[in-house]
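In this document, chain identifiers A, B, C and D correspond to the written order of the chains, with residue numbering beginning at 1 in each.
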Amino acid sequence: MKRLRGFASDNNASVHPLVMDAITSVNVGHAIAYGGDPITEEAEKLFKTIFGNETHSIFVYNGTGANVISIQALAQSFNSVICAHTAHINVDECGAPEKLSGCKLLPIDTCDGKITVDQIKKHMHGFGFEHHAQPKVVSITQATELGTIYTPEEIREIANYVHSKGLYLHMDGARLANAAASLNCSLADISIKAGVDVLSFGGTKNGLMFGEAIVFANAELAENVKYIRKQSTQLHSKMRFVAAQFIALLKGNLCIENARHANLMALKLANSIKGIAEIQLTQKVESNGLFVILPREHIQALQNEFFFYMWDENRGEVRWMTAFDTTEDDIEAFVKVLKEIINS
Amino acid sequence: MKRLRGFASDNNASVHPLVMDAITSVNVGHAIAYGGDPITEEAEKLFKTIFGNETHSIFVYNGTGANVISIQALAQSFNSVICAHTAHINVDECGAPEKLSGCKLLPIDTCDGKITVDQIKKHMHGFGFEHHAQPKVVSITQATELGTIYTPEEIREIANYVHSKGLYLHMDGARLANAAASLNCSLADISIKAGVDVLSFGGTKNGLMFGEAIVFANAELAENVKYIRKQSTQLHSKMRFVAAQFIALLKGNLCIENARHANLMALKLANSIKGIAEIQLTQKVESNGLFVILPREHIQALQNEFFFYMWDENRGEVRWMTAFDTTEDDIEAFVKVLKEIINS
Amino acid sequence: MKRLRGFASDNNASVHPLVMDAITSVNVGHAIAYGGDPITEEAEKLFKTIFGNETHSIFVYNGTGANVISIQALAQSFNSVICAHTAHINVDECGAPEKLSGCKLLPIDTCDGKITVDQIKKHMHGFGFEHHAQPKVVSITQATELGTIYTPEEIREIANYVHSKGLYLHMDGARLANAAASLNCSLADISIKAGVDVLSFGGTKNGLMFGEAIVFANAELAENVKYIRKQSTQLHSKMRFVAAQFIALLKGNLCIENARHANLMALKLANSIKGIAEIQLTQKVESNGLFVILPREHIQALQNEFFFYMWDENRGEVRWMTAFDTTEDDIEAFVKVLKEIINS
Amino acid sequence: MKRLRGFASDNNASVHPLVMDAITSVNVGHAIAYGGDPITEEAEKLFKTIFGNETHSIFVYNGTGANVISIQALAQSFNSVICAHTAHINVDECGAPEKLSGCKLLPIDTCDGKITVDQIKKHMHGFGFEHHAQPKVVSITQATELGTIYTPEEIREIANYVHSKGLYLHMDGARLANAAASLNCSLADISIKAGVDVLSFGGTKNGLMFGEAIVFANAELAENVKYIRKQSTQLHSKMRFVAAQFIALLKGNLCIENARHANLMALKLANSIKGIAEIQLTQKVESNGLFVILPREHIQALQNEFFFYMWDENRGEVRWMTAFDTTEDDIEAFVKVLKEIINS
């Protein structure tokens, strides 16, 4: 029998009670569908408050949807998109970016999920050469799929370089809040204000039931996005229920609080296993995930009690994710079982 | 100031309280994402009970998603899809079917939203001729976009013909429950059991917050659908919240009750306006919508008080939709205002 | 045993001897591939002479390629393309336009292959409505697939209307030369100069071995076309062999002469069968094709001796095409056999 | 003033005189279009003689077309295609494979353009995991884009492994003849008979004007290819002119002779520059290309007299290709100028 809460993913978590309250509270009467309602209008205004008045935001169902719509808004099918080899768009979306945008993805090998200007530079050739998919978008993930984080300076450096070459910078911010909490920055400081052109802003991994946002640095970039969203099957009819969730997340400080708590639990877990010789952390713990190599016989034993995923079968690396609802008790129970297994 | 409830669309309605209860009741602890949880398993079993043990069902976000995934499961890009000119896939999905499946749509002109075997026959040529997109799917809507309904016999006749030609029959059942309530049939009787191969089964228009299902007549047809769903951006992570809604809808009789009520309200409205000379019904009222021509000066006046949409600008035709939460008072208030406008 | 030359299609014809001479004459030494050679440069200049200095032309393999590249240059995937139901893009390209552009095609029923402003108007709605594929291109065929012809005035009227709505006008000019010869106009007068934005200009049906051109009214419209051409698999490496053919066709008057001869042969055939009661012409003979209803028993007998195609199985309508290499003897032989069959 | 023949690419070469003769010799009368003519039938039979009776071959325009049609025949959009990073499908087709097939390409880094079973193995994971594009095709190039060659044993080993995993093996044989000539094998021995499922067989780089073939190991694999070819814009109307070229190439020994000569010229060039300290060969010379690093100041000087391309700007590497029409005089002239430049 598995525990109530595991470490598989932050999208295994529940819906935050305040978010659930917001959902039920807007369930009154009729509202114009597809975003023409006052709650969606309020949410859109709130996004302007947070990301800047010149930004334009829309809501979609999920992260894959946010990412493929972002790419379509920025690129044509003969373009290419540069990203980390580990990027969600490259390995976790079953080829949705290629299918929906027609673009080629150019993955960059990384150790920590982060890419650098020097690595991007290697793809800056073939402009004007028709045989070559034309580079148009660089996509970075914040926090990365390996739990690491770009500083505002690092993002700015990439943005400046990318813009100097006539490309756009996209950020997959499925866990942007975790990065912001970790850096003690605002959401905008490490995305739009650092030079990001289009941001996929995650909600589901941070306490929502469903719903992600796409934030465009300006309205021009969003010119055709309503058609792209609809044609990409990502337009929800009863939009007030997405908008209300984002309002609950962003109106107070819930977004950062949730993320900070998840980060803290990850740190607590990291501290708790420090010194266990059989366990090797493979990445810095900068947000809400641990990447860990441990003996294979222990992995299976631990998975009998807690949900979590193998990350790299070849080297016996697993991923432990914390969430807004992970408790100190969860961590202690987990570490207790882990130690028992290792010492048995 | 608009009224709380209008007649714009059944997707302007709220979430049914029992559905909302189901949502909040599953918000406990963690659950495996993407459908690996016990609630989704329960919902899948429930669908087998309803549609047949040999069927296979999956959950997606919305109707456009259900339709384009269905087409991709049945056809390759060099195929064509035959449907009514008024079909949602043809006029309300911003070209999503063409973009995601690559298929050509072959629209058939209809007066009442229903297509016939004779009309389908006209497209049964060019097989084996490589210049011609090869017909592979016929798609019908139940209830149709014009509120009319196919009888089980009509569906069976189309299915038999379609299968005799080596094609598949798809049903867009965004309002299947309204058709079932109207015909006093089961959901299965007027879809899978009448010969439908793949069914888009609607939830959002019948009291859900979000979520539609795709029902495959057998597992073979669903062979690759999990990849298609993911690549089409329609895979939800916190799947339990979709599954729980469908369980609430289908476990008792809520699905049919909701639909029956909406149908009744449409009938009540139709009866209330009978005899008003300025108003002409253009379609039979068989489900939960009225299609009505009335003087243009009255339309605007009425829209000042109630939400509803122009259907055909050219001939001054509007659509009035009822929903599970439309009340008798709503109908009476609407008719009262309508009569005042006409008589003023 | 079939005759040397039939009436199946102008693409069953041979390569004109002057075109073949041009091909062999450029087969000397090496030339930069993909159009960087002096022969292609010369051809491009020739196109400017003919269609206007502000135009920009590229070469592709075939008509389907020219059409789908044109659409991609003018529209995005959420757009729609309005055309005659009989248009090559709608019925003879196996869904290539939908697959490669993602666009929806909106076919208009026509009796003679020509569409009118009034018919286009019916599709001029839903602008800004995200559920609706946004109209962006009107595509007309000159001469039409039914052998009829738009006058310069008719084209101008369509172009003016189309432009007033913010759309583009595409012309499928697979048989543009036949139209020009028939109207005694220049190629430009009935295309670019009449308001066409992008023209698919046919070569293969008028004596070339392979090769079509796309003429853009200005360089801006052609901005990304070299990438679109490559990604659509339509970029030929040994381009000099396409360019040389077009030079042979266009430098003298061969293009018009070939077309005029084909048209003349069609007229001769039409005149020869006038008065035969069993034969009914269904279209005006304005270019190089006849559309004819005749008793089914005669069709098969005639097909035993000459190649030609059934056009409409339902009403027993066949198509007889003439080509630049059809001779008076061919016509006479054909008519002789035809009369023998009818009188037997 | 550049020389008549350069070293830019084998597709800068002319058309072989025997191929041109074949073209002109079939230019008689009419022939059924799209491959229904006796010359195409003859060519298809000839392909069966060469590649095996159970194979099925079709003709297309160019190599990009052959490759993207092959991928579409073998894979669905949720699949991935594993290939060398240097593969033509990965770097020289402007994203056509992604756009037309929707598949993800998984490039493998290689030093010599060849991939190994061990490298393929690293991508053999995620089967059944819907977030992951499902591996379905491995594509190798013979001879590779770097001029190297797979032995029959190497191909067989890859084929066996690929088939054991339920994948297909595609070969891009744009220069298959050069590989066959180099290995002294038949065309079939190093492709279909070594386990290749679908072969893109090149003609244009070996003396044709235009035209490539796709050879399917069996008819089942080719089941839908005629529709795919048409929808991918690769169906030529006057097919006899493609078929005649392939007959000329394959009926005698012209295919191998042309390739052998080109290979010999490459070897001669390699031998002529041996011992020049400023020049470093980066790849084995196994077919008709040399990859060479030389001082940048010399590159420009040499390019003033001969066409050839920079291969890798970063490390100052150029590519020198020979062709069937490269003469010993061309080599000597080139080496003479090269030495003068180096010694000046």
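We take it that a residue touches a chain if its C-beta (ideal position, glycine included) is under 8 Å from a C-beta of that chain, and two chains touch if they have at least 3 such contacts.
On a predicted model such as this, the values are computed, not experimentally measured, just so you know.
On a Cα centroid basis, the chain most remote from chain A in this structure is C.
Chain pairs A-B and B-D differ in how many C-beta pairs they share in contact, with the greater number at A-B. Taking the mean of the C-alpha atoms as each chain's centre, chain B and chain D sit 50 Å apart.
Note: centroid distance chain A to chain B, computed from Cα atoms, is 33 Å. Shared contact sites, meaning residues of chain C that touch two or more other chains, fall at 77-78, 93-95, 99, 102, 130-131, 133-134, 227, 230-231, 235. Interface of chain D with chain C (complex): residues 4-6, 8-9, 11-15, 20, 23-24, 27-33, 61-62, 64-65, 68, 93-96, 99-100, 204, 209-210, 227, 230-238, 241, 307, 323, 325. Of all residues in chain A, those touching chain D in their complex are 77-80, 91-95, 98-99, 102-105, 107, 122, 125, 130-134, 313-314. By the touch rule above, chain A contacts chain C in their complex via residues 34, 76-78, 102, 130-131, 133-134, 224, 226-231, 235.
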